[in-house]
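The next block holds one structure in the form of structure tokens; read it before the comments.
Chain lettering (A, B, C, D, E and F) follows the sequence in which the chains are written, and residue indices restart at 1 in each chain.
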Amino acid sequence: MPIVNIQVTREGTTPDRDSVTAEEKAALIKGVSELLLNVLKKPLESTFVIIEEVDTDNWGWGGLPVLEYRGKVAAKKATEE
Amino acid sequence: MPIVNIQVTREGTTPDRDSVTAEEKAALIKGVSELLLNVLKKPLESTFVIIEEVDTDNWGWGGLPVLEYRGKVAAKKATEE
Amino acid sequence: MPIVNIQVTREGTTPDRDSVTAEEKAALIKGVSELLLNVLKKPLESTFVIIEEVDTDNWGWGGLPVLEYRGKVAAKKATEE
Amino acid sequence: MPIVNIQVTREGTTPDRDSVTAEEKAALIKGVSELLLNVLKKPLESTFVIIEEVDTDNWGWGGLPVLEYRGKVAAKKATEE
Amino acid sequence: MPIVNIQVTREGTTPDRDSVTAEEKAALIKGVSELLLNVLKKPLESTFVIIEEVDTDNWGWGGLPVLEYRGKVAAKKATEE
Amino acid sequence: MPIVNIQVTREGTTPDRDSVTAEEKAALIKGVSELLLNVLKKPLESTFVIIEEVDTDNWGWGGLPVLEYRGKVAAKKATEE
């Protein structure tokens, strides 16, 4: 009876999208359920998967909202090169 | 000081609704708070209840998004009968 | 497919116990599963319940570890009476 | 690698707002990340913070939806004075 | 920056074990991190995975502690065959 | 009524300790409760804080159990210098 909770930022994987697509969600659900079957022998029908998309304003990293933090890291990298 | 987190799919209990109603949420809050009072003697005012409604796309069961999984189970049942 | 997570402090309901008993846990599981059946028509077999017992050192209330906070509230009440 | 999850009701801190502002969220992210640095020596860049805003209908306290509970507490206080 | 939380019962995959092994945990961590890389292009180093093992007494299914529920389902199956 | 959940690895801040101390936990509880008071005007007595210590085997980063990942990062740094 595993329960898997996946939290990601609400963003697209390509510039024209602003969230995770239904296909990507289905791939996550399939992949993680099969992983639990393979590693722990948990039958597919006993695994629940919950995907939570979190607005980037609501996600903090490095003491900053995540978009600011990524900008800072990218700027630092550019300076170092 | 119990904290109860209830995750359900965002669906109605009747065909004309597409989410849990405020009345149903109030009934869940009341019921679970009274349960903690009866079983563990926790005063009502020290229990927090959080209800999370999860889009069906974001809920996986049986390795599939939940609506697909339910369809598959229903089809299998129909075949067996 | 509801998932219910119940967090309580690791304490007994009587002075001779230091944790929630197996019987109390079973009563919580039964009660909350029946509540979801009654309020949202969720079949019993599709509800998962997870009970987490949290050490009192790890639970904060009122800006303090919970045992200290309860002591402070009790002392304040005693003074007021 | 701490993970901090902050759940609050979706409400503004002033009457003209109906949710937490981006500035307030950034202040929470900054404050909690610095706290983990100061208390546990966790580098800022290894802390993740997730803020979840919960609709008041979905938050229970005292066996009631939170707005009802607050109203009841306020009414009781008014009577006592 | 995905965060993945995996909750499973504290049980072994073979009769001589009573919990998930370190190797199995490493396989879960590797598998789920690679899944997020493949599906959502999330770099491995930005994914956190938390595995929680839950005592069987603390896990409810079908309105019962999970071991009781499994016993009931097994007994029902045996009767039907 | 904020609820704050803090997950950290079960490790000490000095070599002679193998977990977070009660004093450090109290400092986290105090700090985060005051932060919510300062930023969102939430009264101290309405904030719950839960601290979860997670075994290092159960925490994954970079596709590896966290101690292995840290070792790998440290080795890479040493090579680069």
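One rule holds in what follows: a contact is a pair of C-beta atoms (placed from the backbone, for glycine too) under 8 Å apart; a residue touches a chain by one contact, two chains touch by 3 or more.
What you see is a predicted model, and the numbers here were worked out from it, not measured in a lab.
Participant: Figure out the least number of contact steps between chain C and chain F, where 1 means they touch directly.
Facilitator: When the steps are counted carefully, the minimum from chain C to chain F is 1.
Participant: From chain C, count the fewest steps through touching chains until chain E is reached.
Facilitator: Minimum number of steps from chain C to chain E: 1.
Participant: Spell out the chains that contact chain D while also contacting chain E.
Facilitator: For chain D paired with chain E, the chains in contact with each are A, F, in label order.
Participant: Assuming a repeat means more than half of the contact pairs shared by residue number, which candidate in D-E, B-C or C-E repeats C-F?
Facilitator: Checking each pair in D-E, B-C or C-E, only one repeats C-F, namely C-E.
Participant: Given the two chain pairs A-C and A-E, which is bridged by the higher number of C-beta pairs in contact?
Facilitator: Most contacts of the two pairs: A-E.
Participant: Quick check on chain A against chain B: do more than half of the interface residue numbers occur in both copies, making it same, or fewer, making it different?
Facilitator: Both copies, chain A as well as chain B, present different residues to each other, with under half of the numbers appearing on both sides.
Participant: Hey, what angle do you get rotating chain B onto chain C on C-alpha, to the nearest 5 degrees?
Facilitator: That rotation is 180 degrees, given to the nearest 5.
Participant: Report, in whole Å, the distance between the mean C-alpha point of chain B and the mean C-alpha point of chain E.
Facilitator: 21
Participant: Where the centres are mean C-alpha positions, what is the separation of chain B from chain F, in Å?
Facilitator: It comes to 31 Å between the two C-alpha centres.
Participant: Counting only residues that touch at least 2 other chains, which ones in chain B make the list?
Facilitator: Residue numbers touching two or more other chains: 1, 3-4, 7, 28, 32, 48, 50, 59, 61.
Participant: Sort the chain contact graph into one of these: line, ring, star, complete or other.
Facilitator: Its topology fits none of the listed shapes; call it other.
Participant: What chain pairs are in touch here?
Facilitator: Chain-chain contacts present: A-B, A-C, A-D, A-E, B-C, B-D, B-F, C-E, C-F, D-E, D-F, E-F.
Participant: For the complex, which residues does chain B have touching chain D?
Facilitator: Contact set of chain B toward chain D: 4, 22, 25-26, 28-30, 32-34, 44-45, 47-53.
Participant: For a test of understanding, state which residues of chain A touch chain E in their complex under the given definition.
Facilitator: 1-9, 13, 20, 24, 27-28, 31-32, 35-36, 38-42, 59, 61, 66
Participant: Contact residues on chain B for chain A in the complex?
Facilitator: 7, 54, 57-65, 68-69
Participant: Please give the residue numbers of chain A that touch chain C in the complex, ascending.
Facilitator: 1, 3, 48, 50
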